[in-house]
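Notes for the one structure printed next.
Note that the chains are named A, B and C in the order they appear, and that numbering of residues resets to 1 at the start of each chain.
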Amino acid sequence: MSETSVVESRLREAGIVLPGAAAPVANYVGAVRSGRSLTVSGQLCLDGEGRLVARGRLGEHISPQEGREAAKACAINLLAQVKHAAGSLDRVVRVVRLGGFINAVPDFVDLPAVMNGASDLMVLAFGDAGRHARSTIGVASLPLGAAVEVEGLFEVDGDA
Amino acid sequence: MSETSVVESRLREAGIVLPGAAAPVANYVGAVRSGRSLTVSGQLCLDGEGRLVARGRLGEHISPQEGREAAKACAINLLAQVKHAAGSLDRVVRVVRLGGFINAVPDFVDLPAVMNGASDLMVLAFGDAGRHARSTIGVASLPLGAAVEVEGLFEVDGDA
Amino acid sequence: MSETSVVESRLREAGIVLPGAAAPVANYVGAVRSGRSLTVSGQLCLDGEGRLVARGRLGEHISPQEGREAAKACAINLLAQVKHAAGSLDRVVRVVRLGGFINAVPDFVDLPAVMNGASDLMVLAFGDAGRHARSTIGVASLPLGAAVEVEGLFEVDGDA
């Protein structure tokens, strides 16, 4: 990191270090810029070394607290993609939307508390500009058996 | 409501009164404006008093007609968020997209008929400008056990 | 097709002929233009004659290879909608995002390989401009019992 990023400094003070952006593994990419919108691919709950922090379903193998940590890991990976695509997290004008996909058994309904792990990270990073629209759903399965996947839409400044 | 809204008048004639926009319950908000786009958070099938109008799964506890009414309730809540964020429903230029999440058992496949409850409300409110792109899927679970959740993307005029 | 389309020629060389855009069957439409964004409704894995190419769930009735072909069929239907809405596929500046919904049993986790059938088609059609952000999830059910549904967001040039 050659420049001082206000947002990254704030994250580091909270003990959060961004990993490298996960490399594309097929014919898609981590993020696409169109105008001032940056659309980020769904990110799994992988840690900085590419390992799942939670594998399995909420309401079965994964506790709500583990799910919340998994959602936070997804959010950190979203920010890594934003930094890679936009050059710096300081170019984020607004977190527009998060979409949360929670791997859950049909009877598990406290999906919002799990998703808060991702939402809280955005507000930690960006303050009020991190407050976003969101949709949270329980899904039948996720890639690699991940417990949580989160996608994001960001408004960024400057030219594409 | 201090101003006369053409769209709200039309809704009232059809017997539909908008509730207040549901308050944010965590670090997210009901809707985010970015340029001319207004992204609205997934809305559950809550009535004007905050009670679920349908709880459970299509194909199990909930009939298609009940599901359709639930989707309509989600759409009404979307409009409440749009009014709150944009000031008036009359600023809606186009309903761009609805995303419908139907809580359903795997063998229930008539998801489009359920989702029509939301789509029809948009056309009732906005006429041709209410005809939108949409995606409808059956999900494993939803917050609070709601039968239906719908998210929306709207184009609005004027300045942010 | 009255004009020569570079992209359609490329598809034809690969043996792919676009079907007509599926007609709207309710109060929604195949695609909505807003500024330079074209939002396309979720497309099912229908062939050129409107028949499902794969019905059922991955991990149960449908093999990964059949799922991949189903995802490709969804992508072809997305392009048919884009052509119908934008006039020509040559007006696509960028494939911004695909959302992949895979009808899957909870234990089926190789969802990305299925979704590659859609992603690869976009790169075949548009080259680097076809490389997109994407989110892939396993869902509990889909309309008609389809194995795969894919939605899309495209950046297009020219005036609306």
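A few points about this structure:
By our rule, a residue touches a chain if its C-beta (ideal position, glycine included) is under 8 Å from a C-beta of that chain, and two chains touch if they have at least 3 such contacts.
Quick caveat: nothing in here was measured; it's all calculated off a predicted structure.
By the residue-number overlap criterion, the interface of subunit A with subunit B counts as different, with under half of its numbers used by both chains.
When the CA atoms of subunit A are superposed on subunit C, the rotation angle comes to 120 degrees (nearest 5).
A straight line joining the Cα centres of subunit A and subunit B is 25 Å long. Within subunit C, the positions touching two or more other chains are listed as 35, 106, 139-140. Subunit C contributes residues 35-37, 94-98, 102, 104-112, 116, 119-120, 122-123, 130-140, 153, 155 to its touches with subunit A in the complex. Across the interface of their complex, subunit A is touched by residues 24-32, 34-35, 39-42, 57, 99, 101, 106, 139-145, 149, 151 of subunit B.
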